Amino acid sequence: MAKDTYVLVHGAWHTGELLEPVATHLRQRGHVVHCPTLAGNRPGDDRSKTGLADAARSLTEFITAHGLTDVRLMGHSYGGMVISQAAEALGGRLRRLVYWNAFVPLNGQCLNDMVPPVYVGLFDQIAAANDGAVTLPYPIWREAFINDADAELAERAFAQLNPHPYRTFTDRVQLATELAALQVGKSYINCRQDTALPHSMPWHPRLSERLGLFRLVECEGSHELCFTNPALLAQKIEEAGRD
Amino acid sequence: MAKDTYVLVHGAWHTGELLEPVATHLRQRGHVVHCPTLAGNRPGDDRSKTGLADAARSLTEFITAHGLTDVRLMGHSYGGMVISQAAEALGGRLRRLVYWNAFVPLNGQCLNDMVPPVYVGLFDQIAAANDGAVTLPYPIWREAFINDADAELAERAFAQLNPHPYRTFTDRVQLATELAALQVGKSYINCRQDTALPHSMPWHPRLSERLGLFRLVECEGSHELCFTNPALLAQKIEEAGRD
Amino acid sequence: MAKDTYVLVHGAWHTGELLEPVATHLRQRGHVVHCPTLAGNRPGDDRSKTGLADAARSLTEFITAHGLTDVRLMGHSYGGMVISQAAEALGGRLRRLVYWNAFVPLNGQCLNDMVPPVYVGLFDQIAAANDGAVTLPYPIWREAFINDADAELAERAFAQLNPHPYRTFTDRVQLATELAALQVGKSYINCRQDTALPHSMPWHPRLSERLGLFRLVECEGSHELCFTNPALLAQKIEEAGRD
């Protein structure tokens, strides 16, 4: 059995701990799995000051500090911005980039460039009222993010989210090489009932095809499959991450 | 276990009886389920005179006569026109609107505004020759509506359909509030092999996103999952209808 | 149980032998199944001289030589060009055309008219360097054609492919009647993770809807489901091919 090294990078409002149930399934299949929490989402982090470069640097430092190589680096949602920004610095340590319903930026884009204007307006308001930290209103979470959960799980998962540093949504990535031209394996996992982005403005193929040649892996599920079916997500991460 | 109240509204050419296999599965899960047959689709109804307002009124009268509250109101296909027209009148009795591969009109639209022109032309001809009643040619039914059935089931289900009052396809909804702005829970069930509308002009996201914030639920199946897999449909209605 | 007659037509780089695992499953369900290898893909065939008309003629000759009638004729990928070109000549011998992630041409189109320009450029280069035979680079095969396989199966299947006569990609079909108007049953099987054509320029509904009234059948899987899940493919061929 393959014993591969995975680093799973969480999305906005999440922490690495919330990916541990997924990691457990991957470890049971023989893999080494790390779930770091990015700068900006840790308990004491200053939400008003953390930007995208800080988050990306916290990831590269984690990977180099642990001496990881041949890394299969997965990013979820906002985590796609972070792994995209970190990819060049990680260089030879990377085996494959895996995007799970994640943002795939062109050079110079920020996360907000890829979401519906109505969300940008909402986030602007919330962050302005919360010292630069953005939170997600529960009705949006329940209907558009975790639509495959029952109410009990939707509420329990919501209680585990943390305020997110809004600067990471407006900071622009700086890429010397566009991702389509980057010489590394790339995969995209698309959960098909993910309406965190509306399907008229979807994750796949709108954002996934920016990767150039990439491997598509799909499954049933919402944006929050890490809560609703971590075993299925682990299986799909392996199908996306293997050689 | 939740004991919720569901009202299931059939589509064109159907009756409430044809949803009873679905209702049975929902009742086995503890719910109260009603499947009224709309005005215009009952045995003695005058197909030449029944319009959309008549159908909607027959639904609101059913719900008020039975004293139903906290209703999870599902409409299938044409039934989406009817629940949309009825929603305001039902007001506080509604808990959630559920559209199953159903039409979602903007104020002032009729059903025919949302279907391919080739179908409108065909329906015009058939209704003109049948005193205002429209029927569905078997080849269209078999290939585009019930594509997941075998021939035996396709024919048996076809034999249970009834001529449909065509005025309900050309009457325009009158909505004081567009559905996107209506303050009630909303869900959309999308059967993915439903080609009753061509996928170049699809149910989802083209029509579903008119609901504003809504919950997407999907499954495998054709436009006629009530015949081909009523157990799966019941499961999806519950996932769509729960809080 | 139905005992239907199927002819399964392989895609580019393939042979009929590679469809035998699928045929075995169909035969176990009582059907008669043939998997001819088209002119141009046989061991001794001259790749520089075989065109689309040659391939189509080899198919019609196979069917007439075997005296087959009521044929459910399936074409995969490039095989869609061949069954489209052969359909008129086969006339009354055909019961239904089944396209499995296959090209559906308009009269006068060639295969290359329906693929991304980047692929045409690549194929031009490869064929020019290989005496008119085109091959598929392994990274494209592994990521975009057989994305649902593990590396071992991806490599084993790749080793079974044969150089393909490029003229069959540039020769134009000659159809007296456009396929949408052809009076025969038609079905389209869409494997949903098939990215051999990018999903921004997809098989379905872009090409499938050229069939006019047709039956859609879908399942999970890549362009190479014949290798990754022949049992599932056989089931879908039966759902597509039955009356």
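Read from first to last, the chains carry the letters A, B and C; within each, the first residue is number 1.
Criterion: a residue touches a chain if its C-beta (ideal position, glycine included) is under 8 Å from a C-beta of that chain, and two chains touch if they have at least 3 such contacts.
Model, not experiment: these values are computed from the prediction.
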Specify the contact topology among the chains shown, as one of line, ring, star, complete or other.
complete
Fraction-based call for subunit C against subunit A, same above half, different below:
different
Given that subunit A is a copy of subunit B, what angle of rotation, in degrees and a multiple of 5, matches their CA positions?
120
Nearest whole angstrom, what separates the Cα centre of subunit A from the Cα centre of subunit C?
37
Within subunit A, the set of residues that touch 2 or more other chains is none
The answer for subunit C against subunit A in the complex is residues 139-140, 142-144, 147-148, 150-151, 192-193, 195, 198-200, 220
Sites on subunit A touched by subunit C in the complex:
185, 204-206, 208-209, 213-218, 239, 242-243
